[in-house]
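In the two complexes that follow, subunit A is the common piece, with subunit B as its partner first and subunit C second.
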Partner chain A sequence: MYDLIILFTLLFLGYIFGQMAEKKHFRSLIKREEEYREILTFAKRFPLNNNADQKAELVGGNVVISVDYFKRFVATLRNLVGGRVTTYESLLERARREAILRMKEDAKQKGLNAIVNLKLETSSITKGSTSQVGAVEVYAYGTGLLSSHSL
Partner chain B sequence: MIVTNIEIIPGRRVIKHLGMVQGNTVRSKHVGRDLMAGFKNIFGGELVGYTELLTESREEAVDRMKQQAQAIGANAILNVRFSTSSVAAGAAELFAYGTAVILE
Partner chain C sequence: MDFKNPKIPEGINVSDEHPLKNFLYLFLGVVGVIFLVLLILFFSIGFIAKWIPFEKEVEWAQSIGASVERNNKGDLLQDLVFPNEAETSNNSIEDKLRAEKITAYLQNLSDKLSVAQKLPDSMKITIHYIDKPVINAFAIIGGHVFIYQGLIDVINSENALSMILAHEIAHVKNRHPIVALGRGLGLGVVLSLVTGVGVDGFSTSIASHINLLTSLAFSREQETQSDIDAYNTLLEYYGHGFGAIELFSVLLNSNQSSGLPELLNSHPLSENRIERLNKLGTSIVDKCTDTKLDCSVTPLPSFIKSPASK
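Moving on to the complex of A and B:
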């Protein structure tokens, strides 16, 4: 009986706070993405114009985002029947967008105005097989350029 | 020391290739951070402690790679890649590698 109460309390807390955190994060992502829009990012391997770039430097940003209790519970249930795990999809999307934003912040701090060869790396951080701590890390990196020609 | 993850440096020519250089570091989290992470696992959200830890570790890996490049007389590292793997429970390995070159 007590186990059930604890389970439902955790689920409730996870749902309320998890949703709040997610909504807040998405709002802040949209706002900051607008701010850093002028730093253009490309996944292509070579600079846009060889002669117009004065500076090249590695830039990167990373973030670790934890799953909440509710998300993990839903994912466990989903594991039984298979299919899309939407709760994790939004988690990964948030992590990627955040990592890219931090990379852009890094580029701006170093006085660069374009990024080429964007690479994304995702790794999961779990502690033990029982996964007491479940989190995902995304690292975004690329080459920041100071480009003088108009992009 | 110029470090990039593209294969050329805009406006400069590579005189000599010196081969691969690498740097790695294995880090584990301390108990306090793990405890906080445990709480965060109920509520969700960013694990700031882990983010910082991994940022520091990556810098360390890149520094080691740079040291190695310096030791063989390179002045730039091109085509740098990162890779992460979890070695044991609670520890992660961060690995950075690239090609050391001499630019004119």
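Moving on to the complex of A and C:
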């Protein structure tokens, strides 16, 4: 019985704080993405117009986001029946967008105005340990450019 | 070429389904399926229990008795079922001798009834007599039948006593105790799985199900089956079924008077059962008057009544 009470308390806390954090994060993402819109980012491997770039440097940004208890519980249930793990989808979306934003921030601090060859690495922090609530790390990196010409 | 970073619309990767709705669907679905599986488990244990060999039952009854061996002077199973009452029941040598005498008498009677009921040779009934003023008798696994002095005191003939014993023997013959125990254990497993309580110490928690042995609630069908078998045994043994009438009238009377006797608690007398017993009763009377059988009842031996009730 106590196990059930503890379970539902954790679920409740996970849901309340997890949802609050997620909503807040999405609002902040949308706002900051608008701020960094002028730094154009592409997955293309090479500079878009050769010889015009004055500077090229590695830029990167990484983020670790933890799963809340609620998300994990729902995902565990989803494991039994299959289908879209929607609770993890939003988590990974947040992590990728945040990582890209931090990379753009890095580029801006280095005085760069474009990024090419964007790459994303995703890894699970708590891989293999089943007792912990998992966390996901996303690392975004690319070649930051200072380009005098318009791309 | 003109390169741009267009604004990506929200909600491509994220579904806008409310997480709680998602959770509720999943949770109720999964819990429902688990519940269904456990329900099947619960019923199948009771169903499968019938095919457990009787020797296993005897073995289990012995091992349960041996594992709780703490009081060697008395009957192990009796100590187990009534751990706190074991010491008080053997007050004096006279009482002890009397209890032994009654047990021997009941054992002898039950052996004869077992033959009349065509109990398979592999099944052996062991009678346990309990000197308590409780109106009750019951059967547990391993063919152990318990009968209280209180029940013996309210009846007046050997025929009625035979009806009680035959009823309990019929339970054993039809494997009701092991089925009920199986259901009880199934319920225990289900409860411990659902609540997560007692999963670790499940094997030891079986001991706590021993209480279940004493309050075996047989189903109405099982009681009906045992009643009919017992009645047929009386016909086989005495040539008539008057003992059944006496027992039922005693039970009905004690039901109407102060409170419910324990026998009725563990053997619920539903309206249907009373009706059926009445029907059975009239058919017995009809048979007796029609065929002019010798419908005399056999009296109980005098020593079997408790001194207080004389």
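Note that the second predicted complex is superposed on the first by the 147 of 151 C-alpha atoms of A that agree within 3 Å, B and C clash if a C-alpha of one lies under 4 Å from a C-alpha of the other, contacts with A are read in each partner's own complex, and residues count from 1 in each chain.
One rule holds in what follows: contacts are C-beta pairs under 8 Å (C-beta built on N, C-alpha and C of every residue); 3 or more make two chains touch, one makes a residue touch a chain.
Here the structure is a predicted model, which means the values were calculated and not measured.
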**Message:** Quick check on the superposition: with subunit A as the shared anchor, is it clash or fit for subunit B versus subunit C?
**Reply:** fit
**Request:** Based on the superposed arrangement, let me know which partner A:105 touches: subunit B (first), subunit C (second), both, or neither?
**Result:** neither
**Inter-centroid angle subunit B-subunit A-subunit C after superposition on A [Cα, multiple of 10°]** = 110
**Request:** Answer with first, second, both or neither: which of subunit B and subunit C does A:78 touch in the superposed model?
**Result:** second
**Message:** Under the stated touch criterion, which partner chain does A:143 make contact with: subunit B (first), subunit C (second), both, or neither?
**Reply:** first
**Asked** Taking the superposition as given, does A:86 touch the first partner, subunit B, the second, subunit C, both, or neither?
**Response** second
**Asked** After lining up the shared chain so the two structures overlap, which partner does A:4 touch, if you call subunit B first and subunit C second: first, second, both or neither?
**Response** second
**Message:** As a test of reading the superposition: which chain, subunit B or subunit C, is in touch with more residues of subunit A?
**Reply:** B
**Asked** Touching A:37 in the superposition: subunit B (first), subunit C (second), both, neither?
**Response** second
**Overlay on shared chain A, then closest C-alpha pair between subunit B and subunit C (Å)** = 14
**Message:** Give me the intersection of subunit A's contacts with subunit B and its contacts with subunit C, in residue numbers.
**Reply:** 71
**Message:** If we count contacts the way the header does, which residues on subunit C are in touch with subunit A in the complex?
**Reply:** 1, 3-5, 7, 10, 13-15, 17, 19-20, 22-23, 26-27, 29-30, 195-197
**Asked** Which of the residues in subunit A end up touching subunit C in this complex?
**Response** 1, 3-4, 15, 19, 26, 30, 37, 40-42, 48, 70-71, 73-74, 77-78, 80-81, 84, 86-87, 89-90, 92-93, 151
**Request:** Mind listing the subunit B positions that touch subunit A in their complex?
**Result:** 2-11, 34, 37-38, 40-47, 50-51, 54-55, 58, 62, 80-86, 89-90, 92
**Fill in**
In their shared complex, subunit B is touched by residues of subunit A numbered 10, 13-14, 17-18, 21-22, 25, 45-47, 50-54, 56-58, 60, 62-69, 71-72, 98, 116-117, 119, 121, 123-128, 132-135, 137, 139, 141-143, 145
